[in-house]
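Next up: the structures, one after another.
In the two complexes that follow, chain A is the common piece, with chain B as its partner first and chain C second.
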Partner chain A sequence: MAISKTEIEKLAKLARLSFSDEELERFTAEFDEIIAFADTINQSIEGGTDQIRSVGARMVSFDDLRPDEVMPSLPSEKILSNVEGYNGFFSLERSKK
Partner chain B sequence: MNYEIVCGIETHIELATRTKIFCGCTTEFGGEPNTHCCPVCTGQPGSLPILNQKVVEYAIRAGLALNCKINTRSHMDRKNYVYPDLPKAYQISQYDEPLCENGYIELDSGKRIGITRIHIEEDAGKLIHENGYTYIDYNRSGVPLIEIVSEPDISSAEEAREYAEKLQLIMRYIGISDCKMQEGSMRCDVNLSLRKPGDPNFGVRTEIKNINSLSFIQKAVMAEAERQADILDAGGTIVQQTMRYDEATNSVAPMRDKENSDDYRYFPDPDILRFCIDEDKIEEIRASLPELPFDKLRRYVNDLGLPEATARQISRYRKVAEFFEGTLAGGASVKNAANLIVGTIFSHMNTEEEKELFAVRISADQFAELVRLLDEKKINYGVAQGTLQKMLESGKSVDEFIKPEDLAGISDEELESLCREAFDANPKAVADVRNGKDKAINVMFGFIMKKTGGKADIRKAEALLRKMIGHD
Partner chain C sequence: MKARIPELAKRLRSREISAVELTKAYIEAIEKLNPTLNAYVHLTFDTALEAAEQADQRLKEDDAPLLCGIPMALKDNICTDGLPTTCCSRILKDFRPYYDATAWEKLKALGAVLLGKTNMDEFAMGSTSETSCYGAPLNPRNTNYVTGGSSGGSAAAVCANLAVYSLGSDTGGSIRQPASFCGVVGLKPTYGAVSRYGLIAYGSSLDQIGPLANSVKDAAIVFDAIKGGDKRDQTSVDYDYGSSLAECLDRDVKGVRIGVAEEFFDGINPEIKAKIEDAIKLLERNGAVVENLRFPALKIALPVYYIIACAEASSNLGRYDGIRYGHRASSYTSIDDMIVKTRNEGFGDEVKRRIMLGTYVLSSGYYDAYYKKACLIREEINREFDAVFEKCDVLIAPTAPNTAFPLNYRGSGPVEMYLSDICTVPVNIAGVPAISVPCGEDARGLPIGMQIIGRRFGEATVLQVAHFYEQSAGKVLGDYEGGAGI
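Then we have the complex of A and B:
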């Protein structure tokens, strides 16, 4: 096994997700398969995925970075259009926990 | 039991760029909530961050000023954590390939505090907790920060303060941030553990978060070292945790359990390309750095012969130092220029901020003209001070206030007869001085200054008067 149930529980906790025991078992098996697949890719490349990063990936030079020029922001109504806003703020009800 | 303090400081500094680190939204402070926002800095799906060139340049400036090695290749990582101040649930930061590494800051004692690394990252939004609700303003989200991590080389509260103060001074000098701790553009986290003297191993450390003044850094280090010493003395163990310093009670209390660093599950951000910086570019940035405050201080004391206290006051503020150097370039003497800046110009500036801004209404050349008159003894120090006051108020040049006929000064013969007059007119003062009340001589100075409209050379007059009184 590439990943344990304890690790899945920890990841779920970090992501603020809760799962039933049955779901945890299923995810552990699924994660394990996904990681095993990624490992297969890794093994098929000489030098592993680190090699992809250092050789294969394109790099930008300093001169190609974004110039520091102000662009218009979005109107706040637009920014808040999909959420519950309050006086221009995003608002969240705090959990009682 | 005596313990040795082992302390390192992480400092977040907001960079003074116009735009945010990954989008063109303004970094301007304040503004109505959520008006400096776009899809990128509010983490909308499908939006793509593009790295701001100025952020990289400023971070390199910081690295060079702190004697770091600059990595010619670097990339951004995702640091994952769930909290509403981060709309994406991750912060874009740097993990294993920071822009700058292995630098140092030298303290006055000559001791060097190592700089482990400097990396660039985005600031989070601002949360306001009220009535069971959390209100979020993402104007600050995406404002560029550098995080400067020191080695655990700091071994006292004083050193902690000096380190932070020097860091602040250097960052202001190189023009990358205003480093206002009260306003949050510079924030320090202090890591601290204790160990028995000579013990090669580190003790368990705690981290005190978000300290917002230099004196609080010093106090927080003292308070936390005491707290840990008490626990160890009582046979207890230190719990690794995040603490908060409360300035009202001058004490340190736990905030939340410290997460292990691998809980952040860092990985390279696939949205942002790795970037490289030519050696030539790094040298170009190095060449654009100003002389740093401690180099200036050393030069002012060693080469210009200024007393250290004066040199320190002038070199502390870049604009003041530039004004001072401009005055010297205008032919003024070091001593008179320095004394008038510290004695007269600074008397108009009550706060650090005013000295930092150094908004004077006269140019260094105008000031040099005045100082030269003093150097050439055409006016005395008192007249120079008075004239300078008027120049500062009006922004006008020295010739507005001192006419050529004023510059003739008082001849030695004239001064001698004036002193004689003062001596004869004030028999009581003369008697007082003879009886040991030395301050009574001021009466005669006042007499002479009044007669000459302040133009007499008071040092010469004093010598003459003392001769007459018989106290020379």
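Then we have the complex of A and C:
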């Protein structure tokens, strides 16, 4: 399935990314190949995937949840120590209309 | 000759060498070799020497833990309180976590000496470690070749004896494949055996922390130290492995059923195939029973893996917006523009590619055709593993279809590189444990790895078979000259 540049631009918007024209050209070609590769899951199962019965995500069990207790958390100054220019508040450039 | 943990522990206790002297020997070797090998991206020598001094105090007592005073390294996606943890990405370049990952917290409590953080593919996405924003680490066995990835720096550090052992993370082969390329041992534990708390997430249903070491016994010692349930990771399990896996390695392989599935050998480099077959014959001569099996889902595991891993990555990496931590674009016209510019400047091409694929397979109209279908096939792969492990105790396969790639090798494009993960990804999809052990070299002298796969929480059997092979096969690789002269 060939993917159009418009679709790539739409996806990039969803993913909060953007591409220059030159990047978009290269990326669209690569992405076609990647989607063709992802598509092989549709060809590989004989009789389609309808025959596969899901037994549920067995990695996750909800039978053994811990009680919902309040536990100590890290101090906010420490958590916010990586914020650029943090001064008790988040500072960002004023949006230009 | 590279020193092993039990031997170093003995020498530290007999006062033949102190932890500070040992650490200094490693620091000296890193200063000499790291400018070429680029195995480490952050060096933590000051804290290492402090930790070594404390270890020396502790070693005066009789009950100091085995890992006390042993110098080691951590992959740069494992959080270390106050020390840089960047995932080798521009977006996290100045990030310093404010807590320790559980696996590191456990090792630190045992007196481990952290020498630094190791190079890796950006956000663990890659098979060569070349997507690192710090440049690629080089394979110590031949610096014209890659280390493999994504835990390439961790493998190179252990191979070049710039650390006694290291921790890596494995989402689709990222511990086992670089272990294979560099000729070291790498263990990917059962999903849930080691807490993922503090491991910067890539594909959360696949990620697992594990050791890279110069022997199976060392890997078992480190696994013993880091395993266990953790309240802060709800997917971790407090499985009862008994007292110590490292102490139960000395068993033979009589009667052990070894599964060999032909699908794992399709399209494999003939030199690799021959070495793995030799290794299987050696185990057979020693009483193991070989069962020839089929694993038809192997080929389909690869697209399933890329769909699931990228879907999870696109969600996990949504948090990098430049607000709470990490890089922030310097000029922008709105908050949205700031986020887009920050992510564009911060992420490399491979990360963007995977975020885009993940966004695509989760987007409306494609979710059922890709993500949902991949999850269903995942169930089928799990069932295939269950069926296989009714007939055998371990499955033996190559770790990778090839030995190390030359530097800057791109093949025909990203998909060709994805295809090289064929032998390792099914293990992550099913959450089972697997180890890579060196089993020979190709004609260029590049190491070949054999993969031993077990059933969920079957690390004991995996490690025993790997240890038996390692002890009986003798010398399978040429010596590595260099590194800490210990």
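To be clear about the criterion, the second predicted complex is superposed on the first by the 62 of 97 C-alpha atoms of A that agree within 3 Å, B and C clash if a C-alpha of one lies under 4 Å from a C-alpha of the other, contacts with A are read in each partner's own complex, and residues count from 1 in each chain.
Heads up, the rule we're going with is that contacts are C-beta pairs under 8 Å (C-beta built on N, C-alpha and C of every residue); 3 or more make two chains touch, one makes a residue touch a chain.
The model shown is predicted, which means the values in this text are computed figures rather than measured ones.
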Original post:
Given the touch rule stated above, what does A:35 touch, chain B (first), chain C (second), both, or neither?
Top reply: second
**OP:** Once the structures are superposed on A, label A:89 by its partner contacts, choosing first (chain B), second (chain C), both or neither.
**Re:** first
Original post:
What is the contact status of A:12 with respect to chain B (first) and chain C (second): first, second, both, or neither?
Top reply: second
**OP:** With the two complexes superposed on chain A, say which partner A:68 touches: chain B (first), chain C (second), both, or neither.
**Re:** first
Original post:
Which partner, once the models are overlaid, touches more of chain A's residues, chain C or chain B?
Top reply: C
**OP:** Scan A:79 for contacts with chain B and chain C and give back first, second, both or neither.
**Re:** both
Subject >> Contacts on chain A seen with chain B and repeated with chain C across the two complexes >> reply: 11, 14-16, 53, 57-60, 65-66, 74, 79-80, 90, 92-93
**OP:** Sort out for me which residues of chain A touch chain C in the complex.
**Re:** 8, 11-12, 14-18, 27, 30-31, 33-42, 44-45, 49, 52-55, 57-60, 65-66, 74, 78-84, 90, 92-93, 95-96
Subject >> Complex contact set, residues of chain B against chain A >> reply: 17-19, 23-26, 32-39, 42, 50-57, 73, 80-82, 84, 128-129, 132-138, 263, 265, 268, 273-278, 281
**OP:** Flag every residue of chain C that touches chain A in the complex, lowest number first.
**Re:** 94-96, 98-99, 191-192, 205, 231, 234-235, 299-300, 303-304, 306-307, 314, 318, 321-326, 328, 331-336, 338-340, 343-344, 347, 352-353, 355-361, 363, 369-370, 373-377, 379-380, 382, 413-415, 418, 431
Original post:
Which residues, counting only chain A, touch chain B once they are in their complex?
Top reply: 11, 14-16, 53, 57-63, 65-76, 79-80, 86-94
